[in-house]
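Look at the two complexes coming up: chain A is in both, with chain B in one and chain C in the other.
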Partner chain A sequence: MTASQASLTPARPGVRDSHKVMEGDGQRLWRWLTFGPALAMMVALTVLPIANLFLTSFQNVTWADGKPTRTWAGLTHYEALFSDQLFSAGLWNTLVFAFAAVAGQMVLGFAMALAVSKITHGRVFYRAIFILPILIPGIVIGAIWKLMLNFDFGLINKALGLVGLMPHDWLGSSETALLSVIIVDIWHWTPFCFLLFLAGLETLPQDVFEAAKMDGASAWQELWYITLPLMIPTIIVTFAFRLVLAFKVFDEVYLLTSGGPGTSTEVLSFTLYQRFFTEDKAGYGSAMSVAVIFLVALLLVIALSARRRTGATS
Partner chain B sequence: MNGRTRSPVPLHIVLAICAAIVIAPIVWTVAAGFRTQISLLMGEVLFTPVWSNFSEVLWSKTSDFLLNYRNSIIVGVLSTILCVVVATLCAFSLNRLRWPSWVAHIFLAWTMIFHMIPPVALASAWFSMARTVGLENTFTGLILAHATLNLPMAIWLMAVFVREVPKELEEAAIMDGASTPRVLWHVILPLITPGVAATSILTFIFSWNEFAVALTLTMKQTATVPVAIAKFAQDFEIQYTQMAASAALAMLPALIVLLVAQRYIVKGLTQGAVK
Partner chain C sequence: MTFTIPRRTILKGIGAAGLGTIIPGAIRPLHAASVAPITVVINQSPWFESFRKTVEAYEAETGNKVELDVNPFAGSLEKQRNSVRASEGQYDVLIMNSGWFTEMYAGGFVEAITDIDPGFKLDPDVYTLGDTIYYNAEKKSVTNDGKLMSIPVSPLIPMLYYRGDLYKEAGLSAPKTFAELEANARKLHNPPEMYGIVQRGARGPHTVAYDFYPYLYGMGGGIFKDQSAGDYSVTLNSTEGKEALDYYIRLAKEAGHPKTAASDQAEVIQAMVTGHSAHIMMVIAAWSQMDDPNKSAIVDKVEWAPPPSAPGLPTAPGLGHWLAGISKNVPDDRKRAAVEFLRWFQTKAAQLETAKAGGIPVNAAVYKEPIAEERKYRWMKPLAEALPHAVNIYQFPEASEVIAVLEVGLNRAVAGEVPSADALNGMSDEIEKIMAGHSYKTGKLDPIK
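Entry: the complex of A and B
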């Protein structure tokens, strides 16, 4: 994700300059005709709505006859945000969820990619199977696991029964609800990490491994001193990519637990959804959205500076 | 890498277990779609498959699932066309038409920030915008929203593919007097067709799967498949077997794409992140 920025910047602009064929009104026109639509869409559908959110976050909005009435609210929404227990619960749960789920996905995905990279037959077969969860709608994943984790007939409790354990209400008890959602997310997205890691492993230079083998390196030494260091760029990119998506989690939570029981699976997206659409608090919801957008931008800055630091040391 | 030094049999066993963990929930759910509610509750291992859930979901008067399916196809196809056309033009423009580098930098940084924001945060703003201009509960609103949501990824992907086209080809065409649109249409486009295919397939799948925005921007008549499936879970008495049947139907595009275009998906999913 982050690397694609570099790939877009016009590389070596001087190559054609000596010919001076391309500059002119026609060229300028085509430049705008090709870039204009994307720019227009991003401005109209992302910049304007965010500006609108920012404005609304200082207002109280009530809808009547399809028309909004806006009154000035000052900073009251932002003040309320700090004492809102749902918001802090949402923030905390989202952090726990994102880091736990992504950590699990990274480790499992890496192990699976390593295993597949070491086999000679059946790579395409395993890859095809492992990709499947990535392509399935999040809401269907939710439906699948709502059935799997059902107290009465779910496969998980059936399996526990076979080994003599008591059935457990996975989604209905506050101790295991968030854990269940984390496990579902690991099931859903480990394949994505697997795919990126496998692509990374397949492009590693083979001569290093052959040299290590000549020197009698063990499999562990090979993994620890060669594979992992070489994979660090891929690992960072995958981690950042997944973390961003994990922060947006909504579909599975909506279907599996709806934030409950209590606030045990309250995540940011779901809190936002409820403020806007269940409680119709547009002003307060906007303040919350602005706070979330600010946090996201902060995260991006931290990630980019971390990347710069690792880039500088290696 | 070192398949000869160690027997890969234990690896195959581990991978087979992983594959089973991935496949089992899906197969079990599809199977639940062929059960009666009683058979599911009883937990019979062997059961006589019935069609009633599927026929209920598809043809019953009280079910809108076929309409939802049609809506998802309309929104998916049109938003994909819009998104990929705009993204291809944009990637070509930023890569090859000598924009000052700060333009590309700022624009791409913004697409990145936008990509990180939870869609729910924007859904309310889109909702009130749609309401203001009269696009609420229309396909147009949802198509625009989905195209925008997928635009960052599509631009990054197309940028990778456009960059892979050797500059020399383009320069030769320009020397022969080809104009910018001709270069794009006759030189670049034929070479990036696989990239366009990969991007289109992924964009369609992401639109098909999108739930949060579809939930807020649609009503009964325009609801898409994920919205319809979520409805099952909201019911007081959940029709589990029908939920399973509609979940199975909702997975069809993913299965088809996996069978006929796995190569493109792998290309799309990995290029966007790694390059």
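Entry: the complex of A and C
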């Protein structure tokens, strides 16, 4: 009898391998003892808050005599999302911001990683220089760029003045405010893409490139037919990471434009902050939060399924 | 085992205890009892330094301890909400802005001062600022038939700052009407060296809306029909409202700064102190920066006037004041300690300290003191003239929702995204919806063209 046959053969009634049962129970207990605390932590810190958020999204919360009163609101908060002009402006701007900024970061980050991977001397120096923006706190980035983009004495307008061009109100004009924030985000987060791409490039199998060289492949052919296909899993993971993070952008918008002028740089996180915290609408803010979580999860699922389709393994 | 204390030691102890009681009394004033330490949550504003110095004077004078928790504007509100909604509050004294004090009163988060100490007397010279220091819980109104809920900390209203030196050169006099302001601003407008006026048109927590109130109310407009009578019908898109917004935008476009739609308080003050603006409409708290040689290029050149108004109407600056209330959810000894601090803070003597430290006194008696005649304090008389006309813009706890609507709508109009009529009609619709949602008696005007 083979091992597989043995496992398929039902045990005779009344006959039990007590040693194996005890071993199995012990293993199960050990598994729960080690896994249990982590599970309890996850439930307490992640599942319960999200469940509470979800529950609150169907309620109105008001305060009287220092105590909260929760009343059932049904789906009204979710319905209200569709007529909330700030929310629709925020959703549109967030999509534009996320895809434009991430696209810019991916292209620049890949180009920089490719360049640095070809360098034999001083690679550490270039790597250190390129990742500098990611090390700067958001509040400092806000200050740096607010000064750079200042209408009266900003470096950008000073440079324009040197070539005879008129100064422009980069953050105060509806036409250029979102573009300015996107540029700041590209500057801030390109190093993140650069680092992931560089790590990916450094782990590519060199024998394929050597074989291509022997077959007379040009640099362009090497990039197009070997590097890019081999980098697809890294590209998709980087894209997914950055898209999710870009979707949650807050600090740059808060510091540079506060969502203005008008609604031209309104983004979802800022709308959420406005409704939930400034206006203190806990129920409606929770519904908006659930909607944002759903959208981010949807983006992640799409990105991961795309990765799976490429046949990449985790 | 027996334990005995020698009689001499006991006598020494009694003597030391007696001295300990007498000596601190001898070196400290007796009008303030030694009380529990308190914590005050406050925002970082141009007037904060004067408050800090006043608190230091209180500590030095009484020996009582006051800890300050200093935050940005929006952060201060969040911290206050978190504290008052907890089972026991972290902060004893809440420094509340005009945009959110009613939320604290109506939510039952602030205890009436006279409930903590029935013997507390408000100094008769303290400004009641549209009676916003009172709250009638039954009527849910901010009226003086209610209980005393707070003491004013900073009676902030916007004032017109103008360049006295330029006015003198051009032979101008301080504008009383909007027409005069516009004419003077146009005359002095010479960009990019000098802007006729720099306005605070950015979207923020309470930015462009606050800048717009003196124009709106000074031209006879308003947001609601009659809040005191409980009529919250929206009148923002009235003829006067449109006239005010058109004027505000015209001033920005033709005699103002090209980036008005992105200018916040710091940038407006910066434009003035760097000598690039002939006028600003700014809270009076910024006065000390004008004459500070470390911050200003126009020391001794700025003069002040009440915000202009339409002919026949009084000046109408919107209250942007700060009030100090006592949390309900803190221990009784800390509440009593907070009352002692407020009792001291409202006095003329304490408010003189505030003025000398660069703050704005809340006690009218200070404005009659010789200090008001000094060149350094030349803003005092115009301020005292304007304060009685200050308008309490919001008398209901959901004000933050209305402010959010105004911030977006007004900013869009200033940025040129939408025409003024569309902006006013859109804001009116949204405000009416908010008020109806909270079951207030409301309504709206027909859309203006």
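The criterion applied here is as follows: the second predicted complex is superposed on the first by the 267 of 314 C-alpha atoms of A that agree within 3 Å, B and C clash if a C-alpha of one lies under 4 Å from a C-alpha of the other, contacts with A are read in each partner's own complex, and residues count from 1 in each chain.
Throughout what follows, a contact is a pair of C-beta atoms (placed from the backbone, for glycine too) under 8 Å apart; a residue touches a chain by one contact, two chains touch by 3 or more.
It should be emphasised that the depicted structure is a prediction, and the values quoted were computed from it without experimental measurement.
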Touched partner set for A:277, first chain B, second chain C, both or neither: both
First, second, both or neither for A:148, with chain B first and chain C second: first
Touched partner set for A:37, first chain B, second chain C, both or neither: first
Touched partner set for A:239, first chain B, second chain C, both or neither: neither
Partner chain(s) touched by A:68 [first = chain B, second = chain C, both, neither]: both
First, second, both or neither for A:257, with chain B first and chain C second: second
Which of chain B and chain C A:171 touches, first, second, both or neither: second
In the superposition, chain B vs chain C on chain A residues touched: B
Touching partner for A:78 - first (chain B), second (chain C), both, neither: neither
Overlap of chain C and chain B interfaces on chain A (superposed complexes): 66, 68, 152, 277
Chain A residues touching chain C - in the complex, by the definition given at the top: 63-68, 86, 151-152, 167, 169, 171-174, 177, 257-264, 274, 277-281
Contacting residues of chain A [partner chain B, same complex]: 1-5, 7-11, 13, 15-16, 21-22, 26-27, 30-31, 33-35, 37-39, 41-42, 45-50, 52-53, 56, 66, 68, 112, 115-120, 122, 124, 126-140, 142-148, 150, 152-153, 155, 158, 187, 191-192, 195-196, 199-200, 206, 209, 213, 219, 234, 237-238, 241, 244, 247-248, 250-251, 254-255, 268-270, 272-273, 276-277, 282, 285-286, 289, 292-293, 296-297, 299-300
In the complex, chain C residues that touch chain A: 74, 77-78, 81, 84-85, 103, 106-109, 192, 202-205, 207, 257-264, 276, 328-329, 400-401, 404, 408, 411-412, 414-418
Complex interface listing, chain B residues touching chain A: 1-3, 5-6, 8, 11-12, 14-15, 18-19, 21-26, 28-29, 32, 40-43, 85-87, 89-99, 101, 104-105, 107-129, 131, 144-145, 147-148, 151, 155-156, 159-160, 163, 167, 171, 174-175, 179-181, 184, 205, 208-209, 211-212, 216, 225-226, 229-230, 232-233, 240, 243-244, 246-247, 250-251, 254-255, 257-258, 262, 265-266, 269-270, 272-275
